[in-house]
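These notes open a run of structures that come right after.
Same chain, two partners: chain A is paired with chain B first, then with chain C.
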Partner chain A sequence: MHLPEIDKFAHLKSPLHSWDPRVKIISISILIFSVVLVRNLQVALVGFCLTTVLIFLSRIPFSFVFFHLKWVLLFTLALSAILSFTISGNLLFRLLFLSISREGVNLGILISLRAITATLLIFLMMGTAKFSLSLKALQKMRIPDKLVQLLMFTYRYIFLFMDEERKMIVAANSRGGLKRRDFSTLKTIGGIAGMLLVRSFERTERIREAMFSRGYNGKLNIIDEFTLNSGDFIKASITIAVALMLNFPWVMK
Partner chain B sequence: MREVISIRNLEYIYPDGTKALEDINLDIFKDESVGLIGPNGAGKSSLLLHLNGILRGTKGAVKVLGMEIEDKNLAKIRQKVAIVFQEPDDQLFMPTVFDDVAFGPLNLGYSKEKVKERVKKALKKVRMEDYEDKCSHHLSLGEKRKVSIATVLSMDPEILILDEPTISLDPRARRELIEFLKELNMTKIIAGHDLELIVEICSRVVLLDEGKIITNGNPREVLRNRSLMELHGLEVPLSLRQQKITR
Partner chain C sequence: MHISDGVLSGYVCAGGYAITFATVMTTIKRIKVDNMPKVAVMTSAFFVASLIHVPLGPTSVHLILNGLVGVILGPAAFVSIFVGLILQAFLFQHGGITTLGVNTIMMGMPALLAYKLFDLRDKFNFKANEFIFGVLAGIGGVFLGTIILALVLITTGSEFVGVAKYALLAHLPVMIIEGIVTGFIVSFLMKVKPEILRKDRR
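Up next, the complex of A and B:
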């Protein structure tokens, strides 16, 4: 079964992999904020190119990253199309009764570039360390414990959830349940979704019992082995400097 | 022999009104291996959950190592009574094998060094020492089962409870688990339908049906009783059937 693991290439060796996860999360988060605040198309393009260079440096295969970008691309493509038709401005060309404006196209490209760059940066942030290590880093950074536990359980059980969903679809298909495109198929899909929720709920009860059996008291205790070195700070300084430059007033013009 | 678990007149009714256990009286002694058998819905899992205070009886009393199941004793009892649940994916909820095995000792407040030592020791015991950094969802069912046992062995318990330990295991993984359990020197309570495993490992068997103890005795004698087995939805294990193979 294909598992959508964001940390599939966490075992590689690169300057991004060796970066302390805590400093990396903070620095790249600042860069993401900076990228989504960019208002200039050329600057957004520079941000995208720099991020592509970082992906290259991280040695994560481009095919892996771009394969997982497909949903973002689908969303941004739809958004760009809508903006091109709905934003008024200088007429670029006319398609039947629809007019496409230069401002609309520019805004669509800008938003797409920001979204794609931010997603790529998330890949760099979470894909260059084991997910468990990133979670430990979040906990060390005093992110609320409940949020960290929520992320941890989501990541741990998403694979099981997908596996159960796949088994139920196979079972439905083997009885001809999902072959048609009609109301009854929709009902079957609804039933599968409902059953998945019920099973997940029952599982949470059992996990709760297993956790309490091993002395859980509401707080997640994990061992971390983080060490900071000068390299971490140099990488952070460069990243934050780039983030600031992308939104510097003279660049914004 | 020292009594490690003592159950007196235990009754448990689920919030929806279903009576799960009725008038249970049972003593379990140190280093004993007890099999808990019965049809589905007999109350086996409910009884096991009473042994470390996950469920509390509506009537009666449970004593573990001389301690009543009360809030003030729970931490100590949960360290001493380890439950390995039926479904390994419910037991392995942390991102990596190391984190899962370390979960119990960390909750007991042990130092970082002691936790690491416990994790290494527990994984070595189940012969999974090279799996520390693996994610649980990458393991086979047999491996998950072994790591599940390591997650409780790391807490250094005195009583090990296993709910359906061999369910869904292939023959090789099942055999490995049986041999491992045979070697494990501690009080064991094994619930399940794998009656061959009970014959092989347990020195006593308790038959439970409709929340009541039907009988309690030597596994070979109880499990060989065909009418008793069939009356309670079970079967005489193959190894105990009086059959002669003729050529």
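Up next, the complex of A and C:
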């Protein structure tokens, strides 16, 4: 089974890895919003190329990045396909009974470029530091304590339960439980999901007691200190400048 | 049920974020410190359970389970879904940073509806009470979510009306499967661990 591993390459050294996580998260978020609002195909392409250059700079292997893009590609492909024949306009060509319009195809490509660029930027934001460090940065940014804690705990237990779920699926499969495709399969799946919930529910009691006995009082104490230097601000200004340029009136024409 | 980045207009994204933040801020206060580990652990359990694929004809669909989140976590369901979607966007690269607000409303509001719907079960006394209300919660969760999805797409622009229609159509079988599976899960929990469904545990 493939585990989520966005921070697999967090140990590398690059200008993006050395960037302070707080400044990095804010700057790249601004860039993501800017890319998503681009209305012009050429500008979207420029944004995509710039992002690819940044990924090259961050030294995260391209094979890793493109493998993880599959969900976004699947979504945008389906959306583009529907758009290309539901929007009426100049006829590009005919496919059996469907008429493919130029406007539809253009909009589909624009949306796909925006979505792919935004997702690539997430690699730069989250893939260049350990996920736990990024979460600590969020807390330093005054995101409510409870929210950061929920993110941390949830993140921690996902891996455990994925393992558990995989075992249950293997067990059900080896007994032929998922062979048929009828009502009884749904009951089996309901049982697997239910059992997963029961096991995790029983675990919460023990986790709760373990946490409270170690002095958990609802607060998150972080000992990591973050320091800012001029390099952080230079990188931030370049990123925000690019973000503004992409949506500047003269490029919107 | 998920809108990726780059589809919606800036106004819709901003509106989605505003409503989500307001709802998260008001409901997160109601989670007691005592219940924090429970909400977090159940959130990851739901996250993993929603990765289970259900065979459907020649393909398979995965569960959404937002109705069930509402049934089990009650008012904390909205925050739980928000956390789940953040992790999904960042860990699995499903995309959806700018649409996070809209996506949370699309799944979280129906979860709150499912919670209210499921609580009505005390007023009835069917033979398979839990199963029936589980089915209703599951169907309600996907149904309201799909309606919100279609509305969001239509308000983004007239060119998305076609997409909205296909989205509605594609979610019909998902809705039925989700309802039946949620029903089975709820009746399973009722047999094995009824205290999960008890109201005072929320």
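In this text, the second predicted complex is superposed on the first by the 251 of 253 C-alpha atoms of A that agree within 3 Å, B and C clash if a C-alpha of one lies under 4 Å from a C-alpha of the other, contacts with A are read in each partner's own complex, and residues count from 1 in each chain.
Criterion: contacts are C-beta pairs under 8 Å (C-beta built on N, C-alpha and C of every residue); 3 or more make two chains touch, one makes a residue touch a chain.
Just so it is clear, the model here is predicted, and its values are computed rather than measured.
Undergrad: More chain A residues touched by chain B or by chain C?
TA: In the superposed model, C touches more residues of chain A.
Undergrad: Of the partners chain B and chain C, which touch A:193 in the superposed model: first, second, both, neither?
TA: A:193: touches chain C, not chain B.
Undergrad: For A:223, decide between first (touching chain B), second (touching chain C), both and neither.
TA: A:223 contacts chain B only, not chain C.
Undergrad: So, does A:211 touch the first partner chain B, the second partner chain C, both, or neither?
TA: Both partners, chain B and chain C.
Undergrad: According to the stated criteria, A:8 is in contact with first (chain B), second (chain C), both, or neither; which is it?
TA: The answer is neither, since A:8 touches no partner chain.
Undergrad: For A:130, is the partner it touches chain B (first), chain C (second), both, or none of the two (neither)?
TA: First partner only.
Undergrad: Between chain B and chain C, whom does A:102 touch in the aligned arrangement: first, second, both, or neither?
TA: neither
Undergrad: Does chain B (first) or chain C (second) touch A:203, or do both, or does neither?
TA: In the superposition, A:203 touches chain B and chain C alike.
Undergrad: Once the shared chain is lined up, is A:155 touching chain B (first), chain C (second), both, or neither of them?
TA: Touch status of A:155: both partners.
Undergrad: Just which bits of chain A does chain B share with chain C as contact spots?
TA: Residues 131, 152-153, 155-157, 160, 203, 207, 211, 217 of chain A touch both chain B and chain C.
Undergrad: What does chain C use to touch chain A in their complex?
TA: Within the complex, chain C contacts chain A at residues 2, 4-7, 10, 13, 24-25, 28, 31, 33-34, 36-49, 51-52, 54-57, 63, 65, 72, 79-80, 83-84, 86-87, 89-95, 97-98, 159-163, 166, 177, 180-185, 188-189, 192-193, 196.
Undergrad: Within the complex, which stretch of chain B touches chain A?
TA: Listed in rising order, the residues of chain B that touch chain A are 49, 52, 54, 75, 78-79, 82-83, 85, 87, 89-91, 93-96, 99, 102-104, 106-108, 112, 115-116, 133, 135-137, 151-152, 155.
Undergrad: Residues of chain A touching chain B in their complex?
TA: Residues of chain A touching chain B: 3, 130-132, 135, 152-153, 155-157, 159-160, 203, 206-207, 209-217, 221-223.
Undergrad: Flag every residue of chain A that touches chain C in the complex, lowest number first.
TA: 4, 6, 29, 32-33, 35-37, 68-69, 71-72, 75-76, 79, 82-83, 86-87, 103-104, 107, 110-115, 117-119, 122-123, 126, 131, 144, 146-147, 149-158, 160-162, 164-165, 169, 178, 181, 183, 185-187, 189-198, 200-204, 207-208, 211, 217-218
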